[in-house]
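Labels run A, B, C, D and E following the written order; every chain starts at residue 1.
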Amino acid sequence: MLRLDAVIGDFPTLLLGVPLTVGITLVSFIVGTVVALPIAVARIAQVPGVSQLALGWIEFFRTTPPLMHIVWGYYALPVVVGIKLDAFTVVAGALACSTSAQMAEIFRGGITAVPRGQWDASQVLGLSPLQRLWWVVLPQTLRLVLAPSCNTLVSLLKQSSLAAVIAMPEIMNRGWILASETFRPIEVLTLVAFIYFVLTWPLVLLSAALERRSSLAFRND
Amino acid sequence: MTNTQHKLVAIDHVVKRYGSVTVLDDVSLSVDTGQVAVIIGPSGSGKSTLLRCLARLENIQQGRISIDGAVVLAGDEDAKQPGAPAGAHAAYDVGMVFQSFNLFPHLTVLENITLAPRRVRGMSRTDAEELGMSLLRSVGLEDKRDSHPVRLSGGQQQRAAIARALAMRPRIMLFDEVTSALDPELVGEVLKTMRGLADQGMTMLVVTHEMGFARDVADDVVFMDHGSIVERAPPSIIFSEPREARTRLFLERLLEREGGTGRTR
Amino acid sequence: MGDLQFGQIASYLPDLVDGAIVTIRLSAISIVMGALIGLALALARFSGLRLLSWPAYAYIEFFRTTPPLVQIVWLYYGLPLFIGHDLDAFWSAAVALGLNIAAFFAEIFRAGIVGIDRTQWQAARVLGLPMQDTLRFVILPQAFQNVLPATGTTVIYLIKGTALATAIGTPELLRVGQLIALETFRPVETLTLVAVAYFVLTYPIALAFQGLERRLAKSRV
Amino acid sequence: SQAQSVLDEIKQRGELRVAGVLYRPLISRRPNGEYVGMDVEVMKRLASDLGVKLNVVNSEWATAVAGIESKKWDIVPALCITDKRKEVVDFSESYITIGATLTIAANNAKGLTSLQAFDRPEVVFAVPGGSWSESVAKEVAPKATIKAFGQSTSADLIQEVIAGRADAVVLDTPIQTTVALAAFGDKIRVFPGHNQPLDVRACKVGYAYMKGDQKMATYLEGFTKKLRDSGQLAALVKQFMTADQIKATD
Amino acid sequence: MTNTQHKLVAIDHVVKRYGSVTVLDDVSLSVDTGQVAVIIGPSGSGKSTLLRCLARLENIQQGRISIDGAVVLAGDEDAKQPGAPAGAHAAYDVGMVFQSFNLFPHLTVLENITLAPRRVRGMSRTDAEELGMSLLRSVGLEDKRDSHPVRLSGGQQQRAAIARALAMRPRIMLFDEVTSALDPELVGEVLKTMRGLADQGMTMLVVTHEMGFARDVADDVVFMDHGSIVERAPPSIIFSEPREARTRLFLERLLEREGGTGRTR
């Protein structure tokens, strides 16, 4: 009943979507993570206005679907303000924004988990606020943020399929087209799922290993 | 205002509040160069807060704190002071050691010590490590230079924390219950290190419950309660004939744990 | 706003409300289902019994590494093929999303349980409390507090994720938006309204979790 | 169940289930959930002929045919009959033929005034991948660039043209173009012209059902003949396929 | 095997290993009904592990532990013992109090105390609360019944933890450094509570650094080092003339913190 043989010949067509899927994922993850750090710091900082701005950013991108950001960026921006970004920029940008919101919360969790005493000790030594953050606090958050960051990356990889709504030929778009052509959506989507599995599984293993290793360094037995 | 012109540390009428709770209530205290002041008092009386204000980890509402005559912290409810701007003295004139050590867990002992000299003073790695090693030797930890803090006993961690604070060459050292998180048989080694510092003439403010240390090392013992300084006197006087009833009551309670034997120590 | 026209779409508001109700029902069912299964999975993972923990592990990783969209399609079209039992589009989507989110809840809950200090288990043990009482009265109530922020994020993520049900035609928010766009040929405007609807649904939840977190944090310190 | 015809199942169950794909004006779902269109009318008649209820089930193009195999529904309406599709499902006789037009933005600067002008690599066609529209585009402009959507509606595709993301979309005449013109007025242009289909590969529309179901084939043949002979089909085409009518139901 | 027939607590040749590290090395110890044994020794010597084995929080590799003659824990490397199955005595024959209190933070003080009686003993809510209140009165905390642990001082928390353990009516109480996380002036109140228990004839094993308490309350002081019992003697003997050099060294180190004054306490 599940006739994988009927679609297996189309497998290479799906594989052609892998570089684009991986590209969108990596670019939006890296950009989102870099942006997330100042947002997280701004959220923690008790500076009036700045924290609220950061919170607004986080909540906006947490509560509205990235699909909308993509459609807006791709279809509305050219019409409304005359800016015509290319498809990759739109998708990577939209996903980077929602990633930055998620990663900011992860960073915030990590930073607030570092005991106050660490800030105090480094302040008394004369380190500037940025030096405290960079040399003392951030290295200690690593073990807390690595695993959830990996999870974000895993979700992002799957979310990159949103690029399909603007016809970018990544894995999922290719899958739907194949499904329409062959009328075998279950078989095609099974292949699609398999590719996603192969892409994400190493990340999941990595995340588990990182979690184990980084907590080891802090145990004294 | 009390005359604190020539004192190294001068705390003048400091008021510190958290919201509506007054934690330091018009506290004035001065310490001369080379003096050791031991601060005692019940839990919550404001001892830690006083040290934290000196280290500029807190802001204050009223009064001011000067080091060597220069105001380093002023009450934010007071009118803005003319003259020396806050921070005229480098923040690292004051070194502080905490009850919970607060070593940086991701760095080795030597890296803990060299971080601030390198990043703040801009020392070269070689110079900083040389300085670090000489300090480690002085606290008897040269063989632990490359260990991470978790691999050290509590006493060793605390000595490393002292070395870290000293690496910035502070003129004043603050100690906040530095032995109370330690196993009793490890307390001695840390107290010995502190004794050594006092002998070398370091100006020190020490919050501690170690009455033996207070008796032997302190020039003055300061008793705090409810955010105020109740009494200040040399140890020989405060332990034998405290002026205030509150001081006597506190010291008695400290000894109560010794049981009904009435033994003094 | 330049070329955007919202007026025409306003007349479809009642339809959007209907769609929102379907979205709410979908979310509610899959969240409850996901939380229950997730808890069971977390306990199975935690049990230390291979017979329980390995299947739980396989379940979690399977659902985390394959796209939820594919899971929905599998369930909708695959289930009748394999077991001959049929689920309609609504229930297929609800069950598939519930099964999917269970994997994420499981990991969150497990982290929450692991995060409870070992000494709490020991204190309960010394009092002679049996395992199930220790979990019910001592461990889980505390774990619940720990996992609150992560749970909030996941719940919001799921509500937005119910849009995936569009793929099998479940008449939830995004699908209704699609239909409106088809009648009006105004996809950008429609999608913007849909995004506002998602915001209206999720923001109170974000606020509620923030509030709950703050309240519990107060009772702790 | 191999030997049994779907027709028997329909009668047993007392319900005819039809895939609710979206293809205006043959079949479409109003935002309030109601299904309308010519095929809906035809299916109503089919159901009453069989003496059963009609149930239009939510569906999507990519998965519509899979639903026949997994018995989600008995019939998929509004499908263009192609050889490739015939490998998977059987079709009824075609009951309607649809032509295609090309819709472009009014301000398009690529000089798309002749069919040859479309047949250049820099011209981008936005089409649903694997659809009849795609095959039309490939036939009239083999050198043009195809931008294939996995899941899309004609509304999404028009948006491509409006935003300048693609140069042309293939729409069937006249209904889709009528709606598009109503929505965007002079922002779009239709080639060769409104109510003037291209002279290529018209879509012969039929009903798809489970492959190899002889009983169903025979029955549908009889039903379509009856519909045509009685003049009902012509009346329905007249009712649904004119631009004016569509405007009226809006 | 030593003769431990009639002892309430009998620990026989117990060996406990973590991986290749031997933490308890052939430890035998027995305590009579109503006796108070105080266990002292350097950090890492196995004191906590011994109590944890008694509370059945750990398994052991060799030897056995009996309560009132019934084996409750046997080495898993030993041949399976015939006779009484482990757990013949209810687990709650033994109550334990920890250094870090380990109260359940989400429950009020009274709920902390009544949880186990209700769930394990099946007591009604009213009965359990009555019992709970009488215990709270005995530790002087009746006004804190509805407070959550975070609202209590360390000393109050520890007294609540003692009440919680007592609510299961154990025959033996284990105390593991129950005062070392407390502020010095709060230590007294907890020690007083423990003293009261001893006076009422409770059988107790106490790990502590409070030498005053040991001197006054212990029937026997047990000195452990490197996983073995080095010496066991009444306090009057062990403090004045310890038999073993290791014991003397340890006690001297404990007193070293008192400084160079050579003062004994």
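Throughout what follows, a contact is a pair of C-beta atoms (placed from the backbone, for glycine too) under 8 Å apart; a residue touches a chain by one contact, two chains touch by 3 or more.
Predicted, not measured: the structure shown is a model, and the values here were computed from it.
If you check the contacts of chain A and chain C, which chains show up for both?
In this structure, the chains that contact chain C and also chain A are D.
Which chain has its C-alpha centroid farthest away from the centroid of chain B?
The chain lying farthest from chain B is D.
Suppose chain centres are the mean of their C-alpha atoms. Which chain sits farthest from chain E?
Checked the centroid distances; the maximum from chain E is D.
Provide the C-alpha centroid distance between chain A and chain D, rounded to the nearest whole angstrom.
38
Give, as an integer number of Å, the spacing between the C-alpha centres of chain D and chain B.
83
Centroid from C-alpha atoms only, then distance chain C to chain D, rounded to Å. What do you get?
36
Taking the mean of the C-alpha atoms as each chain's centre, how many Å separate chain D from chain E?
One centre to the other, that is 82 Å.
Mark out which residues of chain D touch at least two other chains, giving numbers and ranges.
63, 66, 69, 151, 156, 159, 162
Residue numbers in chain C touching 2 or more other chains?
Correct list: 3, 73, 77-78, 81, 187-188.
Where do chains touch, given as pairs?
A-B, A-C, A-D, B-E, C-D, C-E
Please name which positions on chain C make contact with chain D in the complex.
3, 12, 14-16, 18-19, 73, 76-78, 80-81, 86, 88-89, 167-171, 175-176, 178-188
Going by the contact rule at the top, pick out the chain E residues touching chain C in the complex.
Residues of chain E touching chain C: 52, 55-57, 90-92, 94-96, 98, 100, 102-107, 115-116, 119-120, 148, 150, 164-165, 168.
Spell out the residues on chain D that touch chain C in their complex, using ranges where they run on.
Residue positions touching the partner: 20, 22, 24, 28-33, 57-60, 63, 66-67, 69-72, 151, 153-156, 158-159, 162, 179-180, 183-184, 250.
In the complex, go through chain C and note every residue touching chain A.
1-4, 61, 64-71, 73-74, 77-78, 81-82, 107, 149, 153, 156-157, 160, 163, 174, 187-188, 191-192, 194-195, 198-199, 202-203, 206
Flag every residue of chain E that touches chain B in the complex, lowest number first.
Residue positions touching the partner: 42-43, 153, 179-180, 183-188, 191, 195, 209-210, 212-213, 215-217, 250, 253-254, 256-261, 263, 265.
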